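So that you can tell them apart, the chains are marked A, B, C, D and E in the order they are listed, and the count of residues begins at 1 in each.
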Amino acid sequence: MGNKAKSNLAIKIILLAATFVIIQLLIFLDVINDYLQATMATICINIILAVSLNLITGFTGQFSLGHAGFMSIGAYTCALITLRNPTLPGFIIGVFAGAVMAALIGGIVGLPTLRLRGDYLAIATLGMSEIIRIVFLNLDSITNGAAGLQDIPQFTNWIWLFIFTTGTVLVISNFIKSSHGRACISVREDEIAAEAMGINSTRYKVIAFIIGSFFAGIAGALYASTFNFIDPKIFGFSKSIDVLVVVVLGGLGSISGSIIAAVLLGIITTYLQAFANIQMILYSVLLIIIMIFRPQGLMGSKEVSLSIFSKLGSIIKPKKGRA
Amino acid sequence: MALLSVNKLTKSFGGLTAVLNVNMEINQGELVGLIGPNGAGKTTVFNLITGMYEPTSGTITLDSNGIKKEIQGLKPYTICNIGLARTFQNIRLFKDLTVLDNVRIAMHKNVKYGLFSSFFHLPSHSREEALLTRKSLELLEILKLDHKKDELARNLPYGEQRHLEIARALATNPVLLLLDEPAAGMNPAETAQLTELISWIRKEFNLTILLIEHDMSLVMKICERIYVLDYGMVIAEGTPEEIKNNKRVIEAYLGEDMSNAGD
Amino acid sequence: MEQLFQQAINGISLGSIYALIALGYTMVYGIIKLINFAHSDVYMLGAYIGYVCMTKLKLGFLPSLLISMALCTLIGVLIEKIAYKPLRNATRIAVLITAIGVSLFLEYTTMAIAGANVRTYPPLTGFMNMSFEIGSVSITMMQIIIVSVTIVLMVLLQFIVKKTRIGKAMRAVSLDSDAAELMGINVNTTISFTFALGSALAGAAGIMVGNYYNSINPLMGMLPGLKAFVAAVFGGIGIIPGAMIGGYFIGIVEVLVSGYGNSMYRDGVVFAILILVLIIKPTGLLGKNTREKV
Amino acid sequence: GAETAGANEIGIGINYELSGEVASYGQVSVYGIELAIEEINAAGGINGKLIKPFKYDNKSDKSQATTLAKKLMTQHKVVAVLGPATSGAFKATIPEAIKNKVVVVSGSATDDAVTVDENGVKEYAFRICFTDSYQGTAMADFASNNMKATKAVVLLDNGSDYAKGLAANFTKKFEANGGQVAATEAFVAGDTDFNAILTKIKNQEFDVIFLAGYYAEAGLIIKQARSQGINTPILGPDGFGAPELVELAGADAVNDVYYTSHFSELDQDPSVAAFVEKYKAKYGEVPNQFAALGYDLMMFVADGIKRAGTTDTVKIKEALEATTNYNGVTGSFSIDENHNPVKAVVIVEMQNGQAVSSQRVEQ
Amino acid sequence: MLEIKDINVHFGVIHALKGISFTVNEGEIVTLIGANGAGKTTTLRTISGLKKPTSGSIIFEGKDITHSTAQERVRLGISQAPEGRRVFPSMTVLENLELGAFLRKDKKGIADDLKMVYDHFPILADRKKQAAGTLSGGEQQMLAIGRALMSRPRLLLLDEPSMGLAPLLVQEIFNIIKEINKAGTTILLVEQNASMALQIADRAYVMETGSIVLSGTGEELMQSEDIKKAYLGG
């Protein structure tokens, strides 16, 4: 039991390290050029967004259309801090301050609205994120209004993106695999039964919402630092929808699904760019076709299993006696 | 002093009074039946006791381990955490989760590690998770579901779903267990097995049980005391023998043929 | 005072347009619990069809209205058959994503065919171009037409849903489609009918808005669509009079905020009030908050 | 291994808003660009080499614009990137231009800070349109001096930095001239109903309205204002310059409307007339100023490449910097040390839906 | 009247019905008994058209209805009271009953049948304005049966009609089934309460994991030792 968990952990660490080293090498050899790196940055940010929204919508079952709002809080907070303090510590503080601010607002927003159900909640979260956007639009003296903030110091690079992306994925998937995470899932499955089993459903909805907002804040901060500029338009309704598309495409309740979908969509959009005028038409048709043939998403609610690797591992490793 | 006392409990839905001035006492360790015609208000009484509904009037008092507490109107999860667990008449499992997870979720209230530990899977997490999984598996074994632990709840046949509901309720570590028609949808053979199981569980877990059931073979066999509800009111209370021969109960509920069932 | 009166008229005519679109949203939602994002694009197509009829074919308003409604009905039913029907047993959120796909498809296909630029309806003439002045308050004929059409359609829809056989079938399908089949209800026909009805409404709204503002573009459905959706939720989604009330509410609040407050916070105020209302009445203004019986 | 231009070709990047919010500006700009390319290639290309365009849609999204600029420069190895159309998106591509030493040129990014900021001129960014502060200031002067206005109302698209910049510059200059801004009201691009703010200003006293926004909303505002009986002159920026303005407002309503323009299809200049003809033949509609600016943009860059005599991107930049008295359909201009064109602004007067007069205001 | 020929049904990889065949004759009460998950409900759903078989055919009154829609089958006179009741929760009791008569046009007949249902289940008359979802479990069961009767079926499919009913009513419900049958409706009954079901049934089939393993008259099966042990708890 303990052994299995440990060997799983070891395999995970080896896989991550290998991914990191390979990509780092490819960047060094210029196989992954600047352009591909930018695409990778977008993919990483989308992974963070999708995984965190998946916690709220996929695992806890709370339909949120306001993820872009929390992302924008992280982005503005981090941008304002790094503009005043353009140093690496400034950047790190900025990212975490952004995340904490987003989580804070997430909590404040979550408490009253999370007693709403289904589509009513969706609309309330949509409204919240629109209000956040309108506030940013009108706080000219701080946010520079519609023109947004420019020349935000760029600290993110592949290494930072990798750290934050894997960090997010690990923390959220660890959470899901804990009793608290299962409590969230039970709220999705049947709120009444969950309450009858001693689970305070409101508490777990708010927790999921706060964690989700926290990581959306991180994604926003990374966005600001990667692309050097932000403005309120970036964080509109359609951004929230884009994230939702990734989550549903990957599979509600599947973290690996979200990751795969983010990567896949990143690649697809890159290829579709070649069809300037009709790329959106192709994209929409693709979306419809995928949903018709795979309505549960690419992964359903399953995860890519590590067992393949464990098997490999046990073949390679000389068999020791079990403790 | 009784473990659970229900005092002048009343619940109206608009113009309809589903439960009226119900008084009930359940003593520590008892197995009590709650029967009555369809629509008599039995499930509503359960819903009131477990906090699903707020009573229109009346009190519900739980006296466990020397602590006396009025629980009417509290939230369901609070009541569960105080030590009351229930099953549902219309099975309400977490259908898309595995059998094991259904039980592990119900064990949540015993978990002590915090959120932080859950993010990073600190040792406290691993330790408690291992313990919790072991206990869940033990429960599943008792209810003969251990071989299906990785099956989705929705794929279990009806009878096993009822078993799982009971396992899940037990996992919350209750002092008082409320069962709502546990034998519904089972054939007589299965019902007989269930009857055994319930009395075994009661001893093993040192439980007090209140159960609703229409299957008299089960009720008459294991209940020590029975309350009969009709039109929201208690019309009779007594031992199975007394209830079986109570004219009002026969008239309203049992019918002539049934009054000699179960023996 | 006169200004207030004028603003009220402004608000009611703006609200009517939201209400008109919201009715279609709510219809479809009421039966398959789908937020049909493509609805506002059918509205956009209605406006374009009307445009072709009135500028290229030089038809009058009424024939154009009928053609637009008829074609939109066809489009709506087609969308349902192609994109939604295969997903009958899928989760609601999967259908929602499909609806977003359909919405993008309609928007960008229209853009590819008709260009991204705005198109303009011909100026109104004769009877349709009349306006009435009472003091300094003015009302145009088009405003009167829009308000009356909205109210008539609302009443008609409410009648269909509550009183007719097909309406009963619609409600049954929305509650439990398997059980509805056992009653001998043809679920597919019923859903198609709902889409047909909703799309006809969208078509009517499109051509009326085209004539009223005389500006149409491929993305014209997005903003009013979003607001209509908010309106439907505000009134209690799935409830026909609710959509109407929600539409008028949003129209009037927008106008009041712009007219008497700070126009920059217009949408913010609308959303803030919406959230407050939902916190007090979690299922919208007319929604019944029935807790599930266990 | 993305495709690059062949030995006898010159790669030009086109990075425009073909979908999304401002697709209408991007698409029309690209129409102009493509017409120019067709003409240049039909005439044998530049220095014997044909233009090979690489066209991408940035979906009106700034980060897409950056990514695409990077792609065009590093993958397709283009010698210049045209677009995006709007200032925000265009600015987002400039860091890439500087990093890769490839010029980015816009036809319609009018924001002041596009080519120059407090750190000096942005080496690889150019534009061929005048700036917002210039047109805002010109309009304020026009209001104070020519119309003798003392009170103005400002209406602006609050979601657009373009409109906000214009409104700020107009207000500043108008107040410096001794005038007073009686009210400022905002709307959002995509709105169609402006009756509420119009009813609100109707009861106030003012001499002119300055309407900072694009024709799509401006047309509707003019129509609704006139039908509410607001008959004061309406002044606007280059964003008014499209035939749709009159179509939207209805010819009867477009009275006493004045706007700054890059281009007027009524211009008597023969090169303009020829352009309008060719454009109509190809696309079946009258070109608006985005089309004209797009056309000029391509021609201007082609001219630079020709003068550079090479496809070396640094040389091309230097050639563009040295542009003097370039003659385009949007007027003749030279590039100043801030990479802005020194260009006359035309103030067009509209009556009954017709442009009746135009005044040239030199910079 | 009804002939099931070699029906196979799959749910994804689960083979729920493995080539079952049986018949129901006009005027009979036929009962299907079997353990949990044997496939009884699936059989009824296949007959009423809610589930499409992968192979096999269903003949109703000489007509092949294998590919007919559920709606057409209702029109032909097949009606089902489904497992889990499936009442329309936010509609009233009366509206639920009216929907049962959805395909009928004879106002008078409908009114008569409504009265007949109320006579059988007086509590439904008391509750006719109440939302069906708030009825007690047993009340919903009565509503589901009543609703199935409202189409005046020629073949009535009942899936565990006695589940959740009070003892007195269990008696009553079997009496009602007999009565309905006498009045000319053929009945296919699925029951866990096997002894009662076998008592009133003309013929019975026993199902086990998707196959029919035994058949005979009600009497015969009542006497079978295996049946007694497995289903009658004795």
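To be clear about the criterion, a contact is a pair of C-beta atoms (placed from the backbone, for glycine too) under 8 Å apart; a residue touches a chain by one contact, two chains touch by 3 or more.
Nothing here was measured: the structure is a model prediction, and the numbers come from that model.
Number of steps on the shortest path from chain C to chain E, with steps defined by chain touch: 1. With centres defined by CA atoms alone, the chain at the far end from chain C is B. Across the two interfaces under comparison, B-C and A-C, the one joined by more C-beta contacts turns out to be A-C. If you average the Cα atoms of chain D and of chain E, the two centres end up 74 Å apart.
Centroids of chain A and chain E (each the mean of its C-alpha atoms) stand 50 Å apart. Taking each chain's centre as the mean of its C-alpha atoms, chain B lies 30 Å from chain E. One finds 41 Å separating the Cα centroids of chain A and chain B. For chain D, the set of residues touching two or more other chains reads 18-19, 21, 158.
Touching two or more other chains at once are residues 108, 264, 267, 292, 294 of chain C. Shared contact sites, meaning residues of chain E that touch two or more other chains, fall at 134. By the definition given earlier, chain contacts exist for A-B, A-C, A-D, B-C, B-E, C-D, C-E.
Residues 165, 168-169, 171-172, 175-176, 178-186, 290, 292-293 of chain C are the ones touching chain E in the complex.
The touching residues of chain B, when paired with chain E in their complex, are 13, 16, 35-40, 42-43, 89-90, 157-160, 181, 184-192, 214, 216-217, 252-255, 257-258, 261. Contacts from chain A toward chain B in the complex involve residues 1-2, 5, 171, 174-175, 177-183, 185-186, 189-190, 192-201, 207, 301.
For chain B in complex with chain C, the residues that touch the partner chain are 43, 47, 52, 88-90, 92. Residues of chain A touching chain C in their complex: 57, 63, 112-113, 115-117, 119-120, 122-124, 126-128, 130-131, 134-135, 137-138, 192, 237, 241, 244-245, 248-249, 252, 277-278, 280-281, 283-285, 287-288, 291-292, 295-297.
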